[in-house]
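What follows is a set of structures to go through.
Same chain, two partners: chain A is paired with chain B first, then with chain C.
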Partner chain A sequence: MDTIRLLGTGVLLHAKQMSRSPLEIVISLVDPLVYATLAVYLFRAGDEPHAVIEAAIGAGMMAVWVSVLFGSGGAIQKQRFQGTLELLMLAPRRPVVCFLPITIATAVVGVYGLLATLLWGVVVFGMPLDIADPAAFVIAVVGVVASLGMMGLLLASLFIMLPNANALANTLSYPIWMLSGMLLSLSVLPGWTTPLSNALPTTWGARAVREAAEGGAVWPSLAAAVGLGLLCLAIGAVAMTRMERRARVAATLSLA
Partner chain B sequence: MTDVLAKFRLVGTGGVLAYRALFNWARLPVFIGTLLAEPVTQLVFFVYLGRQLGVANDTFFIVGNAVLAASKAGVYGGTMAVGNERRFGTLGNVLLSPRSRSAVFLGRALPYAANGLFVAVFTLTVGSLLFGLDLPVQSLPGIAAALVIASLTCAFFGLTLGALGLRLLDVWLVSNIAYVLLLILTGVNVPSETLPGWVQAIGDFVPVTHAAEAARLAAAGADFETLAGPLALEAAVCVGFAVLSALLLHVFEKAGRTSGSLETI
Partner chain C sequence: MVIAMTDLAIKAEGLRRTYRSRNGWLKPSWRHTEAVRGISLEIERGELFGLLGPNGAGKTTTIKMLTTLLLPTSGSARVAGFDVVQDTREVRKRVGYVFGGDRGLYDRLSGLDNLRYFAELYAVPAREQRTRIAELLELVGLTGREREKVEGYSRGMRQRLHLARGLLHRPEVLFLDEPSIGVDPVGARELRRTVADLASSGTTVLLTTHYMAEAEELCGRIAVIADGAIQQIGTAEELKHRTDGRRVLTAEVFGASEADLDRIRLLPSVHGVTVEDRGLSQIVTVQSAVGTDIEPQVREALTGIRVGRIDKREPSLEDAYIAIVTGVDRDADERTGGTAGVPG
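Right, the complex of A and B next:
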């Protein structure tokens, strides 16, 4: 019960803190709106008709991933710069329990982008907000936030071991958008990418949200997203514990 | 004669030194990840999206995104060229220098233009190899001219945004918005004729739009006379941003001196 309270309070605290950064809010809102607009005009220019809601959800999911990628990827480094890393590590809880709220909060902030693209679709393009199963949609979004938050923990623990993690992060936006089928169909990609796509929580998460909005079997996709997210959490927790022990032994916790 | 040489030295050596000191992405891994890998992944994304929707052929997206690739180094580099002086606390020293301000800041833009050109050529080469685009040899001079002018325009556009950094609290907000808006305004990823008229009108005054058009015409085998129109328009946009950046730097420097807020973050 204490752990759940810690997670809940931590997510709220960090989401509020991240929401005070104008740069993060701009990235959360403007970028997905541009991509959504681009997608709508591309859909209109294309051979086959596509619903605006496809563009809105696709661009919104892209925003969630970008927020997790940059927010979670740099989560430990950010705590280090703020001078709060030692306090988190000294807390009488496992490091994973202290850092998971941060990475989930980055996914929560990413949802601003999803909400913005849906609102943008309604206001600017007159999109009817016909969500096939509203309850399943909300559950799918919550599941995706949890799943990507867990994936974010894995990113956080892996990126801290790489000296140039930010350079790697900059290369991962478009590949994950592609492999997850967030805006484009996976069928158009080469066959060898299918196993990669299937191994990503983002693929199943995006599929679950899309199916909830447009109609389809939401639950198997959502279960796959959460299952893969839990796998990421397990690997991330092990990596984080190792990182903490290594940093304590070498006395390098506060050193970049 | 000595004065002219000194001015060239200020533009050349000064520009290179400032590039090395102020460009956050000058380290090799960051340079590769941010400026080489990312534009290629963007190109691949839009080629597949274009194929799925049947909007245009691969050449449209490969050539367009290669020209747009010059913008990242230009937009963010130009912003860093001025913004980082303020952030690092060295702006006062630069502005106290008794040398021509225009020469100092012209020198700042040139390395970013060269950087942007290199990134654009790299993106075009990799994109062509990945998707088997066979550009005719006679199209290369036209494409090269488009890339050179686009790179210069992007660098001066970045410098204009950097000048805003003399007044704004967070210039990165502006450069981030400007960079992402280029995706749509330039018509690089959506055929311009499908965009609303007002978007096309704005697009005419931003970097890359006309250069991308010229590069696509060249790739399609158009002669140099046909390319001259869009190339001249891109050059006009380039000169416009060069003048605007010089003007803004002058005005904001004066205002900063008057209010004593040059280095206030």
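Right, the complex of A and C next:
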């Protein structure tokens, strides 16, 4: 119960902390407009109104992924810079419980990008917003947040061991957009990419949200997204514990 | 003094910590720096203990080993009865860690949100959180300001919030690492009063500070740490014995060079010389044998230099501290074959 309270409070407060950053605010205003523009013009809104909502959701999911990739990938570095990393580690909790709220919060902030992309599509380009199953859509988005938050934890634990994590993060945005079917349909990719796509929680998460919007079998995709997310969580939890031990040996918890 | 283990809040034996840093990628070379060289320490429950030392002496490294943030290279330590390497989580439940400076808080959240979050992290029971936070806000004088964002807090307010954060889970042992750094005199006085109250209510406090008056006012016992080892330990009065038989002369000078100071150091009855830069002027402090009027010799050594006010006085804790620390520096330099360095 304690852990659930910590996760809830932690997600809420970290999302609050992140969403108040002036840089985040500017990015949140501008990026979704770009994504919505991409969605509308790539899929030629006038001729294929149904494809536009699919594209807009894909574009919105791109925003969620970017938030998770940069937010979670840099989570530990950011905490270190703020001087809060030592205080998180000093808590009598498992490291995974201290960091999961941060990475889930990055996905929550990313959902703003998803919603803003849809909103821009409607307001600026007159995109029809027909959600086939609104309840399933909300559940799918919540599931995607949890799944990508757990994937973010794995990223956070892996990136901390790499000195040039930011450079790697930059190179990971487009490949995941493409492999997850956010930027373009998976059917246009070569066959050898299919196993890679299937191994990514982002692929199944994007599919679940799209199916909820268009009407389709949401739950198998959502289950796959959450299942893969849980796998990331398990690996990330082990990596976090090892990272903490290594940091105590190498004295890398603080900047000083 | 032999203390039973059950009465000890902290017991360290031969703690050592070596940092390893790498230079270069293709042909990496490793540099080893011994930050702490075998510290042994016993602190009783409820004691307010001071750790004094210059920058880089090993104070923060020692605290980080005792709070489980760093693993010792060798040696052992128990805090609140638990081993800092084996029983990490038990130690963490029982210690609070507060450091000085601007960092360590979520700036874009309010003071209250910061405390709520850390209360969850440090497993303060949900039913107690509201009253505990209100109690601590009152204790540190932030009641009424708790809903403001931390980024708008003054340095003193941040420091008080840090202290409240460190006390949320009622730690048995509180580590305060230079908590009054950068805090204005009034804020520092309030902080000292709070720390003294905590100790009188039974919390063990280990305090590191650069401020001698703070250490003298608060701490029952003080350890002076330099060059990674404890050089002397005792009450402030006991430490002052280090300067028994000495007098102190302070001179305000303008433009004294290292060569001028060396001339003073070579005077027969001089035990130590330190200099503090104060913009245009420097304050030179000379410790000399009692019964010798060193002033004429100092003036002669400073011939050609403008000399302002000269005072003579009994040695203080600060002088004792300087005597201990400069003695260590000289020994270290002799070991490494360098010239004697005296901190400014």
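FYI, the second predicted complex is superposed on the first by the 247 of 256 C-alpha atoms of A that agree within 3 Å, B and C clash if a C-alpha of one lies under 4 Å from a C-alpha of the other, contacts with A are read in each partner's own complex, and residues count from 1 in each chain.
Rule of thumb we're sticking to: contacts are C-beta pairs under 8 Å (C-beta built on N, C-alpha and C of every residue); 3 or more make two chains touch, one makes a residue touch a chain.
Here the structure is a predicted model, which means the values were calculated and not measured.
Enquirer: Of the two partner chains, chain B (first) and chain C (second), which one does A:R242 touch, if any: first, second, both, or neither?
Expert: neither
Enquirer: Thinking of the overlay built on chain A, is A:M178 touched by chain B (first), by chain C (second), by both, or by neither?
Expert: In the superposed model, A:M178 contacts chain B only, not chain C.
Enquirer: Pick one for A:V34: touches chain B only (first), chain C only (second), both, or neither.
Expert: Only chain B; A:V34 stays clear of chain C.
Enquirer: Have a look at where A:G83 lands relative to chain B and chain C in the superposition and call it first, second, both or neither.
Expert: A:G83: touches chain C, not chain B.
Enquirer: Pick one for A:C98: touches chain B only (first), chain C only (second), both, or neither.
Expert: second
Enquirer: Between chain B (first) and chain C (second), which does A:D2 come into contact with in this model arrangement: first, second, both, or neither?
Expert: Once the two structures are laid over each other on A, A:D2 reaches chain C alone.
Enquirer: In the complex, go through chain A and note every residue touching chain C.
Expert: By the definition above, chain A touches chain C via 2, 5-6, 9-10, 13, 16-17, 20-21, 82-84, 86-93, 98, 245, 248-251, 253-254, 256.
Enquirer: Taking the complex as given, what residues does chain B use to touch chain A?
Expert: 27, 29-34, 37-38, 41-42, 44-45, 48-55, 170, 172-173, 176-177, 180-181, 183-184, 189-191, 194-195
Enquirer: How about chain A: which of its residues touch chain B in the complex?
Expert: 22-23, 26-27, 30-31, 34-35, 37-38, 41-48, 50, 163-164, 166-171, 173-175, 177-178, 183-185, 188-189
Enquirer: Show me the residue ranges of chain C that touch chain A in the complex, using the header's touch definition.
Expert: The contact residues of chain C facing chain A are 19-20, 60, 64, 67-71, 89-90, 92-93, 95, 97, 99, 101-109, 113, 116-118, 120-123, 126, 165.
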